[in-house]
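The two complexes that follow have chain A in common; it is paired with chain B in the first and with chain C in the second.
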Partner chain A sequence: MEQKNTLTEPVKYDLSFAREIYSLENGYYIKQCMQCGMCAVACSTREIMDYSPRQLFNLIKLGKKEEVLSANTFWYCTSCCTCKARCPRGVPLVDVMHDLKKYAIEQGYDQYPQAAFYKAFWAEVAGRGKVFEGGVTARYYLIRGLDEVKKALAMKDVGMNMLKHKRLPLLPPKKVRGLGDLKKIIHKAQELQRKEARA
Partner chain B sequence: MEKKIGVYICTGCGIGDALDIEALSKVAAGEYKVDICKTNNFLCGKEGVELIKKDIEAEGVNTVVIAGCSSRVNYDVFNFGSDKIVERVNLREQVIWCHPANDEDTQMLAEDNLRMGLAKQKNMNLPEPYLVEDMSKAILVVGGGLTGLTAALDAARAGYKTVLVEKEAELGGYAGKMYKQVPLKPPFTELEENCIPGLIKAVQDAGVKIYTSATIEKTAGAPGMFNVTIKQNDSTVQERVGAIVLATGAKPYDPEKLAHLGYGKYENVITQAALEEMAAAGKLEAGKVAFIQCAGSRDQEHLPYCSAACCIESMKQALYIKEKNPEASVYVYYKDIRANGQYEHFYKKAQQEGIIFIKADVTDISEEDGKLTIEADDHTMGTKSIADEFDLVVLANGMVPTAALGEVVQLNEPAEEEAAAASDEPKVELPPVIKANLLNLDYRQGPELPPLKYGFPDSHYICFPYETRRTGIYAAGVVRAPMDMLSAVEDATGAALKAIQCVEATAKGEAVHPRSGDLSYPEFNMTRCTQCKRCTEECPFGAINEDEKANPLPNPTRCRRCGTCMGACPERIISFKNYSVPMIGNMVKAIEVPEELEEKPRILVFACENDAIPALDMAGINRLQYNPWVRIIPVRCLGSLNLVWVNDAMAKGFDGVLLMGCKHGDDYQCHFIKGSELAEYRLSKVSETLDRLGLESERVRAITVSIMDYDKIPEILDKFAEDLEELGPNPMKDFQ
Partner chain C sequence: MKYCFYPGCSMEATAQANLKSIKAVAEALGMHLEEIPDWNCCGATVVSSVVGDFTQQVMAARNLAIAESMGLDVVVGCSSCYLSLAITNKRFKEDEHFRAVANEALAAGGLKYEGSLRVRQFLEVVINDAGLEKVAQMVKRPLDGLKVAGYVGCQTVRAIPYEFDDPEYPVFMDRLIEALGAAATEFPMKARCCGSSNALAATDIVVDSSRKIFASAAEGGAQVIATPCPMCQMNLDAYQQRVNQLHGTNYYIPVLFFTQLMAIAFDLSTDAWALDYCIVSPYNVLAPFTGGK
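Up next is the complex of A and B:
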């Protein structure tokens, strides 16, 4: 397996970036990584990742912010949990990956289509309490920009087939009952998260 | 002792179905005219044992020969007290389980085995224990560090008079000077206060006799009767002790040799010991610190071994740096983190506390304005790395056992060696001894414990923990092998228990180890001694001293009863009450060797009791079949193989002789260190003689087997038989 290695210059150990990552909700666990590589061998999408999880953690330690946040590693994580189950140090890798995705979006590293999808999906769920495929699709392409909308036309046959098989409703579903309460819950959770991040 | 022999043949376990028991009984009753010969179909059962006991009481039987299963099983059932001789003839594992039933050759094998057993008991006498006069059960602990203090405390609390000798003015050793110590108790994550002051107090309270600023000038004598001369300041004191625990510890590796890591060049490159001192003195102030692991260790140019403790010691130091200054950044450059056992928790804790571990080889250290820069090859990312602004760089400089610090001497005097080279007799080379000035043994084979590897006076740890190659002297702690504090504490207790075992066994006249409980010991018929020095040189345990005329002076309590001296002696003057050269010789002679025309070759196997015999038994247990030409004689150790047995066998018409011993060399498995090596060595002499007689030297062969090689036994024996067939029958066969 060819390992992508963009590091040609000698590295320096700069802890300021690492400290930022460690302060994420599950970021603390990254410290416990002992570089055994169990996550890499367990990962089903390792082949297409820029860096294996273990390498990513090491890059964090090296302070390579740019490499870490523009890597596709956490975007290709399928949350299958195999690495989390196998990690001898008990690092909850899937949760760490989620934290990294969120952090990357916050930092503006959202060039990956997965980032757009996450945003679209979340907006849909938060706004309706349910997922409307048409809504997610529309939002996704809008986030990705006009060029992408043109590309989306190439997908129209798939869309038509899905329509035929009643896999793509034309009209949005009803909102969930008590959407106001759901929003309150989400609001509360976000508030808690912000508070904990500050603590 | 007038022998009254009872032979009991067990017909259970299928022996009765596979062999002609009547013919077998005839061998005992007819050929050997034993007093009583009985058969029973369940000899190890209640009735069978009663049968024997009744004969012992009513008929006065005092020599019991049991033909049945291997001597490795049911030894407790067939124990009729120490005043009876019991000999076991193996008809099960080595006869019926590995040879076809009701076969002529199997029957011959069984009969020969019985003959050997009967011949053996003829030369056997009841051993009389060797008892020490003015026996001392006191235990001497050399070294007052963590290991020594623990060993002394354990021995004293077990009720033994204990003497502790420490070279420094204060007890405590290396660990005593520590600021804080690694965790010794669960959950193995918290730094602990130094336990040494408490331990010193406990040792003092336990009534241990302590000599500080003292060294050992001379250790004379043997287990149960060591006379130790202790030099304290300018006076000397004599102590008589029974066993010794050597816990002199280790010294940090000389950092002057680590110039490539900047030691001596930059003031702020220091050792772990120096950091410990700084911390204890409260002078530790550092914002950015790097630890360099394996500074010297695991380096062929310095210490080839892993020093085992430095990883966790560095973690400990890193943790207290963090404790004092939570803002400090601490980096650990390592090859591999070796946090053995429970210390894995400690490693995790160190990571959680934010210590950065970097798997890298340090390539350069430089300094600018008092700040250090480290360049390294980072192995995790496969790149070079630079880290700067370090206030301190700490070298984890490993440890060297105190036993390795001293002049290495070869005890074979050169003149003697030349003489040996001149004669065609090969001479055994004595292992080198390092004059470390720890025990100053008054032993013919050198003043200190023989080292195993890298100067550690260890022995085969799996088989003989804490045992050194000097009986009654037990090495513990980092002088024995590099280890962390927790292991050292465990080691200390183990060695103290071994020392207690030693004095108790010696008090009863028993062998200590590995033949624990053996009451026999070698006796020397000095009138025929030719002062050839073979026994004094070859004894793997230095049990035999020498007077100025080169007469051997045996020390039975130092002896482990392997019989290496017996095998070495060209005059055959050394024998045990129940194991001797004539005894085995008569066993060889008792075997019936058919004439050439019968086309029944015979192979004699001398098999080591410790590994080869169990392997042969296991081959039987697994019903592995091999050729029926082999006749197996168990020996205590191949080291006790006397060449005269090989001569006897060849003269008797055996077609081949096979020696089955244990693996030798650096990772030896021989219970007596070099028995099989010596046997092979002696064999090189016999092959010349054989060649001279016109016999092919291939007829006598030595191999090594381990207990797990049982599946290879048939292959080994059948291959040997095949090779012998190619050579043709022994031409001496029909001359007897």
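Up next is the complex of A and C:
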């Protein structure tokens, strides 16, 4: 009979994946995690996550790249900071989650709708210096395509109510006057960020 | 009392009621809010997931650099903007290496930030600088008997724990509600997350999170919910009907910015009350206090 609880082979750790994650901006904090589970208990959205933050950190340590990058954990993280405020080891979980979102997008694991929202939001900021709700929404549907538009139609009462109560301006805010300088600052920041990551 | 004011993108769009009431309340309390000229988006908790923490914080710091040249501390209303600017500010103050590299980036736009300012939440400024006594003195229409659930939300008190209130059991909001003559209800979910910026991409998160917050507010007998945060206000107001449809509930709890309640209690202009912006209509429940206008 197959013995389910006995390991016949030693666990293989894929250290290269773990090392890559540790090298992200806030990645090294994951090493401080002692697997206590406080974040899992504290988390606002744990019930709909496939792995709790604690489990996800364990999977990273074990080098389970595919499981980690396909997980919904960081996409379902709302940046509520509850775990960060409670972690006894001072792991800034929110910031780690942001790093994981960025890394997942870069690796092409961007199938969650939240990824489209993040990209749309950034495109607005980059182009205007400010966020225009209408612009984010339009860009989001451009990325997500027709299926998502159908879902949106089911939500149209919410949008109509917002319009009725002057909550959705139809015109975007004025661009930041110093947009040119802001772009230079962002460009330089990206360059320095890459340099720092290598250092 | 003079401050720099950072409104943030939502106050120009979904949260105009917040902007109108903050400005009027501040003026009534003798605070002068000078808007940061040509401010840009702080990046909220979204941008770092695309371009990284460092770039997001440099972007946020452009606003701080402009404010520093005016020599005034920065007051923020939106919780997400507060989080982003306050954390950036803390890093400038505490991390020398970060400050040096970040300033190298800011220099590309002719700016520099030394980290000399404080970044403050408007709620905290009202309580610590104006004071609850002054607030109580200003009340001309006491909100007697109004049961208010003080919903601080998650980021306001957890951006930097213990910066001004208890991150687990915040009390600032409740004290303010009481200073207006209203009753702060029992509300265990007052610092739980509303689902944040997921309304568009993952509505289920917002619906599910809001449902729990309504249940907790209703159990405490709240007639209205008051919040400092544009995102909380938006989610709880715009999706309340949706929660009712999906969960067979029957909540009808208007959601206001705490500054709107202040504007009413101080008997400021109806423009400052900004009640038209509420989707769940507050007119009936507030009728005992809004008469004559």
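Heads up, the rule we're going with is that the second predicted complex is superposed on the first by the 187 of 199 C-alpha atoms of A that agree within 3 Å, B and C clash if a C-alpha of one lies under 4 Å from a C-alpha of the other, contacts with A are read in each partner's own complex, and residues count from 1 in each chain.
Simple rule for what comes next: a contact is a pair of C-beta atoms (placed from the backbone, for glycine too) under 8 Å apart; a residue touches a chain by one contact, two chains touch by 3 or more.
All values reported here derive from a predicted model rather than from experimental measurement.
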Thinking of the overlay built on chain A, is A:R89 touched by chain B (first), by chain C (second), by both, or by neither?
first
Tell me which partner A:L62 touches in the superposition: chain B (first), chain C (second), both or neither.
first
Looking at the overlay, what does A:S79 touch: chain B (first), chain C (second), both, or neither?
second
Which partner does A:G178 contact after superposing on A: first (chain B), second (chain C), both, neither?
second
Which touches a greater number of chain A residues, chain B or chain C?
C
Scan A:G129 for contacts with chain B and chain C and give back first, second, both or neither.
second
In the superposed arrangement, which partner chain does A:L15 touch: chain B (first), chain C (second), both, or neither?
first
Of the partners chain B and chain C, which touch A:Q111 in the superposed model: first, second, both, neither?
neither
Please name which positions on chain A make contact with chain B in the complex.
3, 5, 7-13, 15, 22, 28, 31-35, 54-55, 58-59, 61-62, 89
Per the touch rule, the chain A residues reaching chain C in their complex are 25-26, 44-45, 47-48, 75-76, 78-82, 84-85, 94-95, 98-99, 101-102, 105, 112-114, 116-119, 121-122, 125, 129-133, 136-137, 140, 155, 157-158, 161-162, 164-169, 173, 176-178, 181-182, 184-190, 192-193, 196
Contact residues on chain C for chain A in the complex?
9, 12-14, 16, 38-41, 43-55, 58-59, 62, 83, 101-102, 104-111, 154-155, 158-159, 161, 167-168, 192-193, 195-198, 200-205, 208-209, 234, 238-239, 241-242, 276-279
Quick check on the complex: what are the chain B residues that touch chain A?
329, 331, 337, 347-348, 351-352, 354, 356-359, 375, 378, 380-388
